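In the two complexes below, chain A is the common chain; its partner is chain B in one and chain C in the other.
On to the complex of A and B.
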């Protein structure tokens, strides 16, 4: 067990990191706009699919594809928010939540149907790099690089939210929407940018995901459920909470997979989330 | 005068009637109609999509030589094939149509065990013989169906030739096995565990993994700690690709990798260099000169199908051979006679001897109708699939361990 521990921990942290990128996006979208984007997991799948195409058809590396996917999906998120979400924003909060679920569910089903028409098998990207040997232990170079990228992106999001006017505006709206309006924050603009940022982060996660695991047309909704669990665990709109929740889930899956078997990892991880919520109903940082 | 006019009118009328009805039609030519559903769309299309042209080419070649010998006459054969979209319910509809509308005489099975288990209920319901093809799940043949036989042997025996080879070579002492949680792969993997133990190989790690690809770090960590001679991966291509890639990334370096489905879907996804020396199973690869291999090679050449890309083409071929043998032995299109004839088939095919096992002969004592054909271990060597065992089917030598070259 001891010899395997470094690999298991890195695997769990990496998995948690990929979850975190997607969970950030869902958390800030929900925090700012109070909508539940059921298609969030499909965004990861589409990010992975685009990466696959860029690598196999255009000969780019996954790292190059990353810098194309990020801005492209930011724009896609902005468009989605303007076309589908903004028209229903005038509804009452309760109606808006229901309507947002229905609209994004429709998007999810459409994405799933359209992609499954062209994808007969799951796809993944192969990007072999030499294994790193440290103190007699072998580590995956690809995984370590991805961890570094996730840390860098997480840091960038943190700086954006802390140091930029738009970022502070997003935090203000999450904390108190009416108060933010009073101090002059442009709510519609913040909502649009938030949706774009959230979508871009999740698609970026897809770029990393498709190198590690295959993507298939029907993975979206189960993934969204996982993100939702993380957001609830971490506290809605709380990025530190989303990161913590993601790490707990990723590490739990990895450790349980090692001790009890891979088929138990998801079940136990979810029981753990439920147990935490029973102790702290508002989440870890809610 | 009146009489002459009357006769003239009658004659004209008769001529008009004769002209309208035309010459008497020639008797319609008899054809043997064989029905099948095929996954020409959907996820299985990548495995068997082009097989319609393979089957039609076979029919053309048979008909060019006069057709099938039925009793004292030669009769042409024709396939009627409907797309099942890789779905069991669509396959059921297709077979119902084949039997009730297209009025076929005999059926060939669809691709895959999950679809065959459903489609065969149509044959049983209507009392029409079905020869199952790419379907080896034990559950298909333990239902007591009277109108079904299948050409390939039991799922748990999938890798038995491989283990026979390992036993003969005596170099492998330990093995780690990971099994994807789906019907076929559980049977193949479970059979591998049992056979490994039977030939004296110590199974040091035995793990199951969910059907959907996940992070396999925990399983890989266990395998690394156990340091097995062979890592055996029992999964479908997407699972195998995900596991294999993660294993290589994380430095799992056994003396051999065995991946039960290592066709082009696996090879192209992991890359040619990384796929080199991986072993899996195939029913036929170029170089095996058994049964009707020359006709098969001609069919592959005419259709442009490469058996490396479509490994189940071999199963189609000996399924077609079994179909021909059944028809010729029956000498008739009577369903009862066809089914009785199928049970008497005992022939050499491109993959060896084929007959349909009676109840009590197969590994499961309740199974009946399963064929006797099992796939052979084939190793990817510089992009080519080399058959390794049994020795009378081998087209090259087993390269072991992976770093041996």
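On to the complex of A and C.
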């Protein structure tokens, strides 16, 4: 146990970092519009598949693919929001909740069905880089590089939310929708941009995911559940909370997987989700 | 339609459904049985989801607990009534245990927690191999039980509809609508909201559990995805929403529509069943979030919505 601890911790932190990118996305989407976006996990899957295609068919490196996936999925998210979410946005909260579940569930089912019909087995990208030896411990340099990218992207999202006009608008809407409206925040525009940013971040997480782990068409909804667990754990619209929630989940999964066996690591997310909601109905940091 | 006309229509439908197995193929009876199962789940979901206004995405957890509770006892060669009693009691007790903490949550958070519950149950069922047989499945004593399962579920559905109509007209139904509209106001008028909510959730769980117990007895083989899977978890809820949540006719309309669509797609097209299903969900979400049964066209045709 003790000898394996560093690699368990690093594995957990990296997994948490990959969760974090998608969790930021869902956190601001849920915070701004209260959409239960069931298709969020499928976005990561699609980001992973696009990366796989770019790497295997176009010969790009995953890092080049990263910068193609990010803007492309921003546009896809904007389009999705304009076509499917905006038309239902004017309904009463309860109706909107139901309609948003129906619509995003429909997207999720269609996406996973079409992708599973066009591929026979889970895909993965191999991108070998030399391992680093630090203080007698072996570190995969791909993982460390990814961790750095995740940190950089987290910083960028933080600056976007804190410093830009649009980012402030997003935070204002999350804090107080009516208040934001009163001071002139363009809510439809903020909602659309939020959906685009959230989708792009999640797809980018897919690029990293497909290099580390296989991506398969049916991973969408379980992944959405994990994201929802993280968002609930961290509090809605709270970047630090989402990051902490992701790390807690990543580490807990890694530890439980090691001590109880891999088949139990999946239960951690759902157990945490239910348990934390019951103790703190508005999230651990919310 | 007036009240007697509606009662006559319901009686006629019941008679037709009761007589049908004597005239049609086994294939069609199987289809009807599975459709009735979804109706029972959709209607029992709707007690909490439609009438109480709490979006319970975890109805499949109760269905699956019922199926496994009955299944485990049957596989240990206990008599059928004991197994069915367990299929009712286990999910009801489970619901009673989770009701108080879960009802502290509202809106999307309640939906989330209940959705997580199904995933948790599926994972528990596959990991607790000693009890459930794990991912390899649980075998029940074999036998052809299509006919008894069909009639049991038909009786169950008839009872559910009777209870729904009766509750809607009673003071209890008024309390449910009060809680849905404004829980605090209902409380101010002397409704013990928590007690009502708990009772409704337990009743809903008991019905879903019985449906699961009968299903397990019929199918004779249980696997975690077969009872806790996404289609089982969301199908009935989507049916209730599609038909019209909070109405008596809604779950029937939705279940009939979606079951037929799904079967036709499966038989005629073969591929892309879930894609078509997904597109239907998107269209319903965009254009009919209140459901088919609440569409104004019925009011024009019959003078009153079947909902009313």
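Methods note: the second predicted complex is superposed on the first by the 274 of 286 C-alpha atoms of A that agree within 3 Å, B and C clash if a C-alpha of one lies under 4 Å from a C-alpha of the other, contacts with A are read in each partner's own complex, and residues count from 1 in each chain.
Assume a residue touches a chain if its C-beta (ideal position, glycine included) is under 8 Å from a C-beta of that chain, and two chains touch if they have at least 3 such contacts.
Note that the structure is a prediction, hence the values are computed from the model and not measured.
Asks: Just checking: does A:36 make contact with chain B only, chain C only, both, or neither of them? Give me first, second, both or neither.
Replies: A:36 sits against chain C, while chain B stays out of touch.
Asks: With the two complexes superposed on chain A, say which partner A:4 touches: chain B (first), chain C (second), both, or neither.
Replies: first
Asks: Looking at A:164, would you say it contacts chain B, chain C, both, or neither? Reply first, second, both or neither.
Replies: Neither partner.
Asks: With the two structures laid over each other on chain A, which partner does A:263 touch: chain B (first), chain C (second), both, or neither?
Replies: Both chain B and chain C are touched by A:263.
Asks: Look at A:122 in the shared chain and tell me whether it touches chain B only, chain C only, both, or neither; answer first, second, both or neither.
Replies: Touch partner of A:122: chain B, not chain C.
Asks: Please indicate which partner A:175 is in contact with in the superposed arrangement: first for chain B, second for chain C, both, or neither.
Replies: After superposing on A, A:175 lies clear of both chain B and chain C.
Asks: Kindly classify A:254 by the partners it touches after superposition: chain B alone (first), chain C alone (second), both, or neither?
Replies: A:254 sits against chain B, while chain C stays out of touch.
Asks: Once the complexes are superposed, what residues of chain A are shared between the chain B interface and the chain C interface?
Replies: Residues 263, 266, which sit in both footprints.
Asks: Could you list, by residue number, the parts of chain A that touch chain C in their complex?
Replies: Touch list, chain A to chain C: 30, 34, 36, 84, 87-88, 91, 93-95, 97-103, 105-114, 117, 221-222, 225, 228-229, 232, 263-264, 266-267, 270-271, 273-274, 277-278, 281-282.
Asks: For chain B, which residues are in contact with chain A within the complex?
Replies: Checking each residue of chain B against chain A gives 42-46, 181, 207-210, 212-222, 224-225, 237-238, 241-242, 245-246, 248-251, 265, 269-271, 274.
Asks: Looking at the complex, which residues from chain A come into contact with chain B?
Replies: Chain A residues touching chain B: 3-4, 7-8, 10-12, 14-15, 120-122, 124, 126, 128-129, 131, 133, 138-143, 212-214, 216, 219, 253-259, 261-263, 265-266.
Asks: Under the touch definition given earlier, write down the residues of chain C that touch chain A in their complex.
Replies: 53, 55, 101-102, 104-109, 111-113, 115-117, 119-120, 123-124, 126-127, 230, 234, 238, 241, 245, 271-275, 277-286, 289-290
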